[in-house]
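One chain, chain A, appears in both complexes that follow, with chain B as partner in the first and chain C in the second.
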Partner chain A sequence: MPISPTALAPTALTGDPRRRSTHARRPLVLLALGIGVLATALVSLMLGSNLISATAVLAGLFDPAQDVASVVWGSRVPRTVLGLLVGVCLGVAGAMMQGQTRNPLADPGLFGVSAGASFAVVIGVYVLGTSSVLTTLWLALAGATVASVVVFSVAALGRGLSSPVPLAIAGAAVSSLLVALTSFLVLSDETTLAAYRIWVVGSLSGRSLAGVDAALLFAGVGMVFAAANIRSLNNLALGTELAHGLGENLLRARLVGLAGITLLTASAVAISGPIGFVGLTAPHIARRLVGGDHHWLLPASGLVGAVVLLVCDVIGRLIGGNAEVSVGVVLTVVGGIVFIAIVRRGKMATL
Partner chain B sequence: MTATSTPRFRRAGAPAGSAAGSADGSAADSAALEARRVTLSYEKSVIFDGLDLRIERGRVTTLVGANGSGKSTVLKAFGRLLTPGAGTVELDGHPVRSLSTREVARRLAILPQKPLTPSATTVRDLVSRGRHPHQSLLRPFTPHDSAVVDAALAATGLRGLEGRDAGSLSGGQLQRAWIALILAQEAPTILLDEPTTFLDLSHQLDVLRLVRRINREHGATVVMVLHDLSLAGRYSDRLVVLGGGRVIADGTPWEVLTPAILREAFDLEALVIPDPSCGSPLVVPVDTEHR
Partner chain C sequence: MKILPSLRRSAALLLIPALALVGLAGCSTPSSPGSAAVADSVASGPWSYTDDTGKMVTLDQRPEKVASYADYALGLLSYGIDPVAIFGRTDVASDPRFASYDIENTAIVGNSYGEIDLEALTEAAPELIVTGIYPTDREGTLDLAGPLYAFADAEQQAQIEKIAPVVAIEIGGKGSDVIASMNRLAESLGASEQTVAAAKAKYDTAAADLTAAAQETDLEVTQLYADADGLYVAKPNDEPELELYESLGVDFTDRNPDGYYYWDIYSWENAGQVMSGDVLLVNVEGYQQSDLLMQATFASDPALQAGQIHSWNGAALDYASQAAHMTELAEILRSSKKL
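Up next, the complex of A and B:
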């Protein structure tokens, strides 16, 4: 016989210590991550080719008359803002992708989004001969969207969407095709290659805030889809049959999830080029901090993604001397080491 | 039972005070589930063609049959995980297809054979996901939901384990956690697909006693698939034997578990004797080789 909730009050007060610690810890972890993001952002504003003190940075931020204001506002603020945006987008998209596919190795680019963006950017350079920031941004957004719609349609035509496998296979196939076409164009035209190889590494340097409002709009809509997908992701984690049994509309869950992943990844790729490893590692770190409930996992992944991306960008500025190292390169090295460490400790979650 | 605010694992759709076995819903004699002339197939192979099966409210009905006889197929069709090619499945007198998947989830809970254990999730969080059909963007997790989860954990004896990671539970504990999730769904009809698979005998008994208790104390209609015929006979009001694309037998355990039916359904030579411990039919396979 079920016990009346009131009769449970004494137990509820003392509770299970383990439960209380994990549950009560989650808001604190998010708060700590938020503070971590602010701290990293401040460091990102201070460090570069020349060091600016924290007080000078703050003075420059709020007083345009200061000498440092031009450096702070001209180069470091855009770079930091873009880094935050890219990191948050990739972190959240990565957590969504791993939840949708229940694959711990899933990356936000799995459904062809990154390959689509790259191909569109290359087409733009090849056909239009332009590599302006704004054109690149729109082309990348368009390419990413088209690629993911194609992937979704191919998967939906086949065995259906209840299993994540057709989506992943269709994504891999479309990605391979797009990468091949991209290589063909890049190898056949030297100017295209020159523009493409700078973009494809993934970098925040030289990116201005021009056009960022478009990416911000995409990312904002993507975040709304992500929030709307949270409970579906929790249900999908129980397997598609139990999810369906709990009243989950599988087609809608997939559509909303894919829309969120596409918009978030597209905004990130459009800004910085295809940066790897953040979308893969940030959710794993976040899962160890707050657990597998997507209500907490998605925000935590976004914050972890922002910290990781900014830290790697700062490292890249420092180790390269005058010719700095792109954040994409630093991430591959640092991210690879971190990932090996996670796997070696055997703590990687199996989804 | 007392008249407290105790969650009773019954959906508001069922009138308050309707006890085990009594009718609710639109008509007094309405079945909890009814398949009418249903055709069920996977890919292109037809498993059932024109199946009729009625599940009475407030009873424990167990589907038995040889491997491949379509027990799970029927259960999935009742749980709308499989759409019939023809015919209709009715839930509480309504065609399942006319109800939204969320509305179905408030009336019927199904525990599939192999649910996935989500990573880094506590037992309590896992069980809380059973509240999904009662929640929406405008109606998030409430104290009532929390009380229902408490009651589900208590009913399955998991209160002490609610903070544990679900991935660290033993097979028996995990199965109880899944049943707690299904209980938290508060659906008056519960479908269980082989709930005792992979469990040792004492944990099988544990789960089946729990199922019996849920049926008796909460008036839940239970439909399950079991392999062990003697356990099925002991814990069910009614057995349905499936085989050859049809219902071979349908009735009380003593009516159904006869040597002739066992021979037809399972190609099994067996004696059926009264269980010395509780009087239910005990199926004893005859070993011809060692005679």
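Up next, the complex of A and C:
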């Protein structure tokens, strides 16, 4: 029996009613997430391991002369700004990575970025004997970039880049090699181990805004690549062949995507050390809220990432007494539970 | 000063990991620690020694070939007892503390915590192996089920005990007790009374000079380790070397004597709480002057601003090492001013 085109049209164009309501509320969800980020940032400015009053924080914020012991401008402000930046970068990079690989378990570190940064930082401590925040940042940026280029070259030499599989395998191989070399250095030298252990946990403590320009530049350029990759990500979600059929230039789609993921992750890793779970979980939460269209998913994932990271950092500041618990540790606990909950509910969007 | 176990401990406190320590069956029987050593000065006769954990080691004759962890090797070397093998927490060959000793013919069998080359150690054929043990709390509790200091785990310790019997010096409580324990072992291994007395004379002179310097200057000294996570201030009642100097009259920052064991940990936000010191002794590992100046919440520290900051490495607890270290500290005090 022939189906008339008109009979098909309404559902084909608008989808089912539930999806339509998701579509309609997407701007509202983004707005709410934006407000959530601002609220979290405010909380992050107010709370810390040094329990100063809200009035003291505000006084210090607007008049640095009243900022007792530089707690506000020396600690709270940089942490909040950097936490937002790292969270957004990891959230966006995670969503891109899951879109590129069509794998819901893909993490932004999959292409060797974190392993490369770690190795460079360890080399820095071992050879240069420095663990200062700024040197570490530069080394991490350099290591992440070099590792990504190597991964991409290895993948390009092999079966090509149309499928994400060679990239993922090359990433895993290069990561394993770098992790082995890192372990070798770390095990052979106690001082290196001590510095590495502090860095690898992932923390926003002791960072300042001075000198992070390079990381900001990486993040900014990464965002441009991410925006340029949105259409391709939507096409790739249909499968490599269908995307190709839709006129997608696969090589360009992969290159732009890889560049975006690398720059965003490198920026985050350089600032805070390799923080897990944000890049993995934020896209899943965002997908629930705004659906799978990357026009909405990328910003939503970035905002969710920022909220998650800052909230976990604040928790870590409050549960350590005079000291603090690194955000990386809190995230491993909280993020792990959240991720299990997502998987258990079985509604993980298929990519 | 031990960095590693304390930081591990602080991490453990925060993470509360279920660390199942494998018990070492029959490794040592706790009895009264510090019981009188039965040292036979006749080299040919049977030799026995009771270490600080209460473990008694009996050998047919006094051991001539001794392997030791770096810190106690320094003590032995100062008494003319040359170890056949040394294992350290950091690179032994470049460790400045060994600069005045000839260790050309000594096998270096470990340069990183717990990384001990068992084959090389076996080849050195020690008859006795010396290491340490740190108490786990202020009361001096010794965890005899866990590995001794310098060993990676109970399994490694069991393998090392197959090479030669292991004795441990307790690094806790009073610094003078630790030195006494070192001396007791050295004398048992053949150091003559005159040698020890000569070392003690130099030590006493340096100690008296440190006391004088502390009285002249009346400064507060803060000994700390710092990294991106924050400041770790060593506690004079828990760290034997600091305890020793404090007993000689040096005033150390100790804001929270009843708090956590060994270190007081401050996040950078709370660094302002520990800016009372006139002199900063910063651990050679971790942040140094330039790194500290970049931490906005600590940059205004008066001692840091005045440049009264010195890299500081824990010295071994024996007469010779401490005499040198106390002389150094006295010089630092005299070259600093009250802020």
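Heads up, the rule we're going with is that the second predicted complex is superposed on the first by the 317 of 351 C-alpha atoms of A that agree within 3 Å, B and C clash if a C-alpha of one lies under 4 Å from a C-alpha of the other, contacts with A are read in each partner's own complex, and residues count from 1 in each chain.
Quick note on the criterion: a residue touches a chain if its C-beta (ideal position, glycine included) is under 8 Å from a C-beta of that chain, and two chains touch if they have at least 3 such contacts.
Here the structure is a predicted model, which is why all the values come from computation and not from measurement.
Asks: Going by the contact rule set out at the top, does A:F339 touch chain B (first), chain C (second), both, or neither?
Replies: neither
Asks: Pick one for A:E248: touches chain B only (first), chain C only (second), both, or neither.
Replies: first
Asks: Which of the two partners, first being chain B and second being chain C, lies in contact with A:R288: first, second, both, or neither?
Replies: first
Asks: Which holds for A:G48: it touches chain B only (first), chain C only (second), both, or neither?
Replies: Once the two structures are laid over each other on A, A:G48 reaches chain C alone.
Asks: Under the stated touch criterion, which partner chain does A:L193 make contact with: chain B (first), chain C (second), both, or neither?
Replies: second
Asks: Let me test your reading of the model: by the given contact rule, A:S75 touches which partner, first (chain B), second (chain C), both or neither?
Replies: The second partner, chain C, only.
Asks: Once chain A of both complexes is superposed, is A:V329 in touch with chain B (first), chain C (second), both, or neither?
Replies: second
Asks: Starting from the residues of chain A touching chain B, keep only those that also touch chain C in the other complex, and list them.
Replies: Touching chain B and chain C on chain A: no residues.
Asks: Give the list of chain C residues in touch with chain A in this complex.
Replies: 3-4, 7, 10, 14-15, 89-91, 111-113, 115, 227-230, 264-273, 285-287, 290-291, 294-297, 299-300
Asks: Would you mind writing out the residues of chain A in touch with chain C in their complex?
Replies: Contact set of chain A toward chain C: 48-50, 68-71, 73-76, 131-134, 187-191, 193-195, 197-199, 203, 205-208, 210, 317, 320-326, 329.
Asks: Can you list the chain B residues touching chain A in their complex?
Replies: Chain B residues touching chain A: 1-2, 4-9, 76, 79-81, 100-106, 108-112, 114-116, 118-122, 124-125, 129-130, 132-133, 135, 137, 146-147, 150-152, 154-155, 159-160, 162-164, 185, 217.
Asks: For the complex, which residues does chain A have touching chain B?
Replies: By the definition above, chain A touches chain B via 1-6, 8, 11-12, 16-23, 102, 228, 231, 234-235, 237-239, 241-242, 244-249, 287-288, 291-293, 349-351.
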